[in-house]
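Some structures are shown below for you to check.
Two complexes come next, and they have one chain in common, chain A, joined by chain B in the first and chain C in the second.
Up next, the complex of A and B:
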């Protein structure tokens, strides 16, 4: 049982929910950048939520199925095509033995998650099948897929019918303008207060350097840091700190000019001041932002961040009950 | 120990960042290592990641199992305990890292990125030697390889160690990073930025000045080397490292061993005593050097 890659797409990797407990060794969590879509796609085909799926960025792959399979695509809207015939996203459908699955242009979002009944059965590394490209770890040889790769499939875990679909309200539309909620702190105190106010009042634009490591933003004003005598070991640029850990989701502003939001393949640390962190409930949305999309940051309290977290957990719990009981 | 006042900052709803000091110091590093080691021993449900860094640390946690206030309270208590300790010791190891300084591979790369450097007319080593007041590259290399280093943080990318030299601050080498980062750095490059030396575990982007290359593999996703355990990463925070300047013939020999999967890094167990070290750095470092020389001779 396997899938053959005919065309790899722009950046297609094997991902699951990621690996934990290795960040202190510089190995980030990895895993799908939109974990909600990883889970819903898995549930639609009767998998446990942590089965490995394909994360397909902006331009999907072309795949040939050596075995007939139930599949589902969630996340970005790129019309699935079975031998050229369109299928719906957010719905389980069969790909018959010997058929080709390809994808249309992306109409919304940035990353589509393709779950296959049973899941993609590449070996676990450090407890996960997720690809971490910088460390050549997980997935297929720790790299994005290329033509002629073969992906082994595991046995389906549950028998579920085709045609199952997400409730209408759970079929997400991401749009081109994004409101990201953040908790402030970290090294914000190094920046002039009026410059921080400016940061939150502006509309930022996603730059072309937007990948699994981080999203660079541009179009806003450069930050002004407070004057200081550089602390020993920090470096002379006002945005420098003594190299420290970077939380996943943290926003750093190298040299004050272009903010970067770190994501699930984050560099684990470095010498730039971080000023805030995107709340966990909004990290999936970051993974669905395309270059040139508009971003606005909103400050929230910890209580609001936890409330948003609980709401998203409840939504997913409800979907899980509905789809796999 | 110097009195440090930790600054606790939540980062989103899943991380707690703790800065022990704005500036780099052995006190801040030791404090962070001690607090995070104790937290790891507690094996608290809801603690997901514990990451010590140079003068700070961070914890990733699951707020559904462990509320932020509880975690902060535990860390405050651990800080008080560690601060009250009289003479901290650290069970660690001394590690021999052979280095071909001024090697042809980093030289080729640094020539390619000369326009991103402070002094396009000199090499990284010549620049670093000059701004630190050494009269020759050789004297500079003797300083880099002449006293041990603490691994103060692992990170940036998988398995990359940051190291801090165990000498008085006024003797420490300081070098700015490249003006703009390179898009390439050879694997196992020995680099320098700020007051830290680093060994690049994988090939890739980098902004540190490049001084040489080690034949020692330090990251092993393919599981080829017996000296690297299941974590795939060789270094640990708290490791003590001695660099050893080697010539091209020795490099080629060790590199051939590494390619064949037969290379093993020489290490020896060591109990580090902060008080003895603080009393006389140079005498203590001579002991460290002696211990690793003995281990090398036995190898």
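Up next, the complex of A and C:
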């Protein structure tokens, strides 16, 4: 049982929920950039939520199925085509033995997650099948897929019918303008107050450097840092700090000019001040932003962040009950 | 300020980074004398958070505690961290392994040897001697799998990072950034000043614990010639981007 890659698409990788807990070895979590879509795609085909899926960015791959399979695509809207015939996203459908699955142009979002019944059966490395390109871990040889790769499939975990679909309210539309909620970061105090206010009032634009490592934003005013003597061990740029760990979602502003939101393949630490952290409930949305999309940052309290996290968890629990019981 | 006097417990500060992370700050500046305190704090936090711990990441001045928010709230985590670190005593400074990493120091693989020498107004051989003469401590792992931040190099050969980082660096490359030194475990981008290459396997998926180096370990670099370097399996790939 396997899938053959005919065309790899722009950046297609094997991902699951990632390998948390290895930052102390210098290894970021990796895993799907939009974990909610990883889970829902898996549930639609009867998989556990942590089965490995394909993350397809902006331009999808062309795949040939050596075995007939139930599949589902969630996340970005790129019309799935079975031998050229369109299928719906957010709905499980069959790809017959020998058929080709390809994808149309992206109409919304940035990353589509393709789950296959049983899941993609590449070996676990450090507890996950997720591809981490920089560390050459997981997936297929730790790299994005290329033509002629073969992906082994595991046995389906549950027998579920085709045609199952997400409730209408759970079919997400991302749009081109994004409101990202943040909690204020460790080093906000290093920035001039009026400069911080400016940061939150501005409309930022996603730069072309937007990938699994991080999302660079441009178009806003440079931050003004307070005057200081750099502490011993920190670099001399005002945005430098003594090297420390960066959590996923933290926003750093190297040299004060262009903010970068660190995502799931981010370096685990370094010497730039982080001024805020995108709340976990909004990190999936970041993974669905395309270059040139607009971004606003909104400050929320820890309580609001916690509440947003709970609501998203409740939504996913409900979907899980509905789809795999 | 977390000013630290000899023999006195560091002034502790908790900083919140995210819903499920507490950053424990022990110091503000890099200092080898921080190490026993950081090791002690890491050890205590690992035990105290064992039931809820996702990751524990020590660095030069901080320890980040990433915990499972489904089982512990942020305020509980903060309280637990504070209690755990009450009356902290520095750890035995003798802990940690000692490693000797063979390094082929050569301008062929260490393109910044000459710039460092010129800055310091010494010869290339003198740069090598000074780098290899010290024993370094591993302060933190980060940046890439098995990448160990070590220090402190002698002020004379301390050199700021390159203004433009290289897009690709060969595995084993040994570099200097300010007073830190490190070896790149795999191919990666990087902005450190390269002075040589080691044949040591710094990150190995088949090794227990994966990373050769751990915070608290001691490291010496031993100059070897090209033949020895190759015999030990060193990577002689030319730098893809000569500056």
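Going forward, the second predicted complex is superposed on the first by the 325 of 325 C-alpha atoms of A that agree within 3 Å, B and C clash if a C-alpha of one lies under 4 Å from a C-alpha of the other, contacts with A are read in each partner's own complex, and residues count from 1 in each chain.
The rule is short, and it goes like this: a contact is a pair of C-beta atoms (placed from the backbone, for glycine too) under 8 Å apart; a residue touches a chain by one contact, two chains touch by 3 or more.
Because the structure is a prediction, the values reported are computed rather than measured.
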Clash-or-fit label for the pair chain B, chain C on chain A: clash
Contacts of A:284 with chain B and chain C, given as first, second, both or neither: neither
Which of chain B and chain C A:91 touches, first, second, both or neither: neither
Contacts of A:249 with chain B and chain C, given as first, second, both or neither: both
Touched partner set for A:40, first chain B, second chain C, both or neither: neither
Chain B versus chain C as contact partner of A:125, first or second or both or neither: both
Touching both chain B and chain C, residues of chain A: 20-27, 125-126, 134-137, 183, 185-186, 231-236, 242-245, 247, 249-250, 267-270, 274, 277, 279-280, 302, 305-306, 309
Chain A-facing residues of chain B, complex: 9-15, 17, 19, 21-25, 48-58, 60, 63-64, 68, 153-160, 162, 164, 169, 174, 176-177, 193-196, 201-202, 204, 219, 221, 231-233, 237
Sites on chain C touched by chain A in the complex: 15-21, 23, 28-31, 53-62, 64, 66, 69, 74, 140-147, 149, 160-161, 178-180, 186-188, 203, 205, 209-211
Chain C-touching residues of chain A, taken from the complex the two chains share: 20-27, 125-126, 134-137, 183, 185-186, 231-236, 242-245, 247, 249-250, 267-270, 274, 277, 279-280, 302, 305-306, 309
Contacting residues of chain A [partner chain B, same complex]: 20-27, 125-126, 132, 134-137, 142, 182-183, 185-186, 231-236, 240-245, 247-250, 267-271, 274, 277-280, 302, 305-306, 309, 313
